[in-house]
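Have a look at these structures, which come just after this line.
Across the two complexes that follow, chain A remains constant while its partner is chain B and subsequently chain C.
Moving on, here comes the complex of A and B:
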């Protein structure tokens, strides 16, 4: 082990750690607002990466039909709810908009030569396609049971995860994919080469984290979500719709997941089932933050990335064991230092 | 695309269903078409539609089950096929771990099992139970011997080894450490990784530190790409060898420029245009063409392993029919004996010569040396 190797490993650890930090933040966000542990978060990562890869191969992905199908289901549920609550022109307009959006995307995908458009447009299209699946997922699977026990929510979350892995295999095949890097240059810093994609990952992660922070501190919607996280009943009495809060957090989580996927797709080969293990490492970070503290979780997630990188070097066969064993001392420490308060909702 | 894939399967299903009333030969197929090793299982499941539909004047009916890459599910599928369907032979499962788990059930019920798996442990060392198992892939040591020979030719003295942390990688580690020391090649670094790992920096640096003349990567499917691209990124200049696990087109697509010059030993399916004519080449060409016509893309080698299992059975069935009727223990025992006597049978992977000791039956015709040149497979 010399300085150069340490720097290379550190660079690797920070890159992965930045992704884990993003995922840890969205896990905490979703958990505090909805009490759902978002297991399918990893699937947004892989779907984002694989969709991007299929665009670059010039194939319109069948994912648009999934979006269209889910939107139809979602609209049908909304229409059914309206039948009970009475006719509402505004709701009808929203349903029309949603269906129009999904149908519009399908038409757009067929009219574009996907491998010719610039990479930024490909990334944008991937976002447009995947992010709406977040709120639609909440509407279909979680909204009807929003007030259930956290354990029930967890089980549904696992079910959605398993289903999405299966859908991923159908859509993208078993081979795995990797995309072209955003830029092809490398920056040399003394004796060490920094890959430009690494800088992209770190830069975008920091921008996302800062803008999330600003959104939650400064905007009305952000404050509304924070209020829901602190006290659901109280927020509801203040006129914050829990359905809205749920959909908004799922949209944010989907956005973060897909961004992470697009960011790491040029660095590594991702498979239809890689998402779980990635989000699990984000989850370790979230646990270090006690599932409440954003800054501690972010630091914890970067630490997970570092431990992973160095254990990969020292003892590659035991890497995963070392990373996931990290969780035990933190759980012990957490349960010894914090006194348990019964959640009476 | 989905309907194009589904149609032939449905058609075959329909014809099979129609014939179900007669006393046909029943063959179970267990593959992992979903789950982590779907890469292996999907071409295998697709191949079922291409298997021979009759042998020795009897119709053959295939019952295809999916074990979702889960060894427990593979055991359940085997029990179902043996107890409820009373099959005469089973092709499968796709995974090495699953195959090890089902051997005892195949042996207890006296059902011949043709495993298209990588690990040689299913047929070696030969035991009373493994008598019932036949393996339609080249044993790792056959491929390894070819690689070692090539390394000696190129004057490789030190070798780094990167393998997956699963039975595939572990078995290669064992095989190589034995063969390499005999050939005077020193293994200076042994690293392992998981298929889903997002980074290989650590392992690759560790190997680079020892600066070996060559590196061998032993990983199944697309996971063989990451170690290679990482090594190249970090400036490794030596020769990189791959096993037959990398013998798939996605390897070229995912690895791009980094795969240039790789040497591997694999079945001839990748370089059919270049190998000299032989009965095995004819079989392989027929298989690849038919598969491509039905599914729109050429099959991975794994599919060929299942196809060969079908050919072996077809070859053995006439002799077994003299021993008993399909569905009886006598027929199954006869089938096993006949499989063991397979001589000079050309398959897609090579030529099979089974003996009571060797239930894999390949010789050096089961592998060719391949390299990557200008982004395509070329005979070395």
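Moving on, here comes the complex of A and C:
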């Protein structure tokens, strides 16, 4: 291996690592607030990438119908809950708003020439379509069992993932897709060529991580979510709704997942079922951080990206094996250092 | 004592089993080939799911990696029977599926031991994530190793030969698959109704309790894990020789998830739920794959969407799966009865420990100090318990009694000072070793297994008094000793006054009775020292009287008893000596009458006696 190859591999490693770091952060975020291991996060990544790709191919995606259907179900559940708890004008307004939003998106999608609009608008539209699916997913699948055992939550999480992969195949077909890069320029730094998309990925990841940090440290809602993460019951007694906290974190996680998808779509060809492996690598990072520590998770995730990139060079066939076997010592270390009594589950 | 006979199921539920077996036996003669193929798959899947019932449903360890073990069984056999030039050290197994099965089981057993030793120590979420990790690694390994044919796999496997018959058709291997499956169900059920099985059943929610009854919970976990891996490997071996070729795709994580879904849908805590789940999922999958594409157009994995949503719905509405629902609807006469009565009169009595002489020093704490960071929970605590004596440890809330209790029972280790039990220091011992030495305890917050019967719960206490292992238990070769264990458990239950509740679910007892049950369980271990943590809490007046009588009788037999208690009436009338704690320190020690007039004690309890 010479210097140039090392730089090339390092670039790949950092790019992937940055994405894994983003995913690891949202996994920890969701886990601490809701105790759910968000396996379907990977589907937000692939859905994001594939939706962008279908926009660029000029095909409207059937995703809007999925969103509309889920919103209808969500509204029906809310209306049903209202039947028990009594009539509430404000809730009715919210239901109306949600339905209006979904219907509006359907109309918008039909009136736009999708492959003609600028890439930024395409990305925005992808966000508008996919991010609301996060909170709706929480409402329909997780909220009814929010207080169940963690393992039940994990199983539901995997079940939702399995269903979403099936939906992904229906929506996007079995072919893989790649999108156009954000910009075409390449930057040369001495003998080293930097791909512009690499810079985009790193830049956006850093912006996202910093703004997440600021949101959590400086805003009231961020503090409320953190409070829920530390002590659910206590937060509830202080008037923080656990339902709201769940939906908000799912929205954030969906946002981060979709952003990651849009970011890597120009670099890697993604298929409808690529999401699982991607989110699992985020999990590897999150686990290295003990499912609690954001900075350690971020470092761990970048390390995963690096290991992956360099094992591509030395033992490409064994890439996944190396990455997933590496996690086991960390799991061991984590569960030996974290003391908790199994009986209290 | 009650009439002692052993009866697992009554006539009706047995007749259902017979009808089922006859149906299976004649199926190949009346069913079309296509249905037989489906039945074969159901049998193969059910074998894997049976392992998951044992591991996840009973043992509480969630695994997504079972498909990898199926793959190990398949690939070992495929490699050994269909590779032209085997390395010389493997030539002995060449060509024979039966030798390959043996090799596959050995390999799978070793891999499971290794993976289990690493991942079964994982707590909470980490275990399922760990199984996903090695599940993926092993799957990729199958596709990567060139000697295993890469992604195209290995073809040309021979058919299994049995008694001169070549099982080369679906309807022939059918019998082998179903005989193996039913045998496995029988073995697993036998195991669960034994000493080892009770230890495995205690893993879900009762590990701390089981350890203090002398169960090596890690070993029990490993046993369940290895058995489930071996069942998966056998399924893989049958699969490979039924298909006659293997490739990596059926051994991936998707299939691992499917196996878990089958177990969850069928009912993860019942061996028959395994069969039900495998059947329902396989038939539904077939049906969905046939019909949904016709309705909605092709190239969709509709079955995945439906199964995913079905599991979500199931977890929200009926987390126990279909089998419990089926049992609820079944007419009473057809429900399997699990009256597991206590051995026979002929069962030999268990050997008993010789109790120390009355007055001998049994337990001694010497200047025990326990600090949590800056907090000193126990400061220079000393106390002594003698054989034939009841010592009470009392004190206001937060005085450090529970911490002291943990030091004495070797659950925790003192920061300084030491605890001596029968003259031996407990430093470095765990609660399992202490149980073996003759110390037995109850818990402040009752720890029993609510879905097991009262008798079975108490029999866990006798764990160390039996020694039959997994193999003998599975084959029911340990019935004589099992009878003795259950008889002993029944004897202790009679003794504490719960003789009428032997076959009730432990969770259905009142709190007071549950506390008494814990005492019976502790007595079942044949201890020389009883540590009781608030035994009278939640008891009614008459129950307290009965408990006091029992403890007095035990004292008369030479037992040493230490109890932590809040109920002063109960303590004052019963115990020989009292140690009073406040703020982690001993403030008084003496006879009940002395303590009642001790100014320091009055100050601690009543806040100053002016």
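Convention: the second predicted complex is superposed on the first by the 340 of 345 C-alpha atoms of A that agree within 3 Å, B and C clash if a C-alpha of one lies under 4 Å from a C-alpha of the other, contacts with A are read in each partner's own complex, and residues count from 1 in each chain.
Simple rule for what comes next: contacts are C-beta pairs under 8 Å (C-beta built on N, C-alpha and C of every residue); 3 or more make two chains touch, one makes a residue touch a chain.
Remember, predicted model here, so these are calculated numbers, not experimental data.
Novice: With the two structures overlaid on chain A, would chain B and chain C clash, or do they fit side by side?
Specialist: They clash.
Novice: Report for A:334: first if it touches chain B alone, second if chain C alone, otherwise both or neither.
Specialist: Touch status of A:334: second partner only.
Novice: Considering only touches as defined above, state whether A:166 meets chain B (first), chain C (second), both or neither.
Specialist: Both: A:166 reaches chain B and chain C.
Novice: Once the shared chain is lined up, is A:188 touching chain B (first), chain C (second), both, or neither of them?
Specialist: Neither partner.
Novice: Given the touch rule stated above, what does A:174 touch, chain B (first), chain C (second), both, or neither?
Specialist: both
Novice: Check the residue A:291 against both partner chains and state whether it touches chain B (first), chain C (second), both, or neither.
Specialist: Only chain C; A:291 stays clear of chain B.
Novice: Does chain C touch more residues of chain A than chain B does, or is it the other way round?
Specialist: C
Novice: Applying the document's definition of touch, where does A:145 land relative to chain B and chain C: first, second, both, or neither?
Specialist: The answer is second: A:145 touches chain C but not chain B.
Novice: Could you look at A:116 and tell me whether it touches chain B, chain C, both or neither (first, second, both, neither)?
Specialist: Once the two structures are laid over each other on A, A:116 reaches no partner at all.
Novice: May I ask you to decide whether A:317 touches chain B, chain C, both, or neither, giving the answer as first, second, both or neither?
Specialist: Both: A:317 reaches chain B and chain C.
Novice: For A:154, decide between first (touching chain B), second (touching chain C), both and neither.
Specialist: Touch status of A:154: second partner only.
Novice: Looking at the overlay, which bit of chain C runs into chain B, 223-231, 241-249, 421-429 or 601-609?
Specialist: 241-249
Novice: Which chain A residues contact chain B in one complex and chain C in the other?
Specialist: Comparing the two interfaces on chain A, one with chain B and one with chain C, the shared residues are 166, 169-170, 173-174, 277, 317, 320.
Novice: Residue numbers of chain A touching chain C in their complex, please.
Specialist: Residues in contact with chain C: 37, 141, 144-145, 148, 150-152, 154-156, 158-167, 169-170, 173-174, 276-277, 280, 283-284, 287, 291, 317-318, 320-321, 324-325, 327-328, 331-332, 334-336, 338, 340-343, 345.
Novice: In the complex, go through chain B and note every residue touching chain A.
Specialist: My answer: residues 2, 34-36, 38-39, 42, 165, 191-203, 205-206, 209, 221-223, 225-226, 233-234, 248, 250, 254.
Novice: If you look only at chain A, which of its residues touch chain B in the complex?
Specialist: My answer: residues 5, 8-9, 12, 15-16, 166, 169-170, 173-178, 195, 264, 267-274, 277-278, 308-314, 316-317, 319-320.
Novice: Under the definition above, what is the set of chain C residues touching chain A in their complex?
Specialist: It comes out as residues 62, 64, 118-119, 121-126, 128-130, 132-134, 136-137, 140-141, 144, 205-209, 253-254, 257, 260-261, 264, 299-305, 307-312, 315-316, 319, 447.
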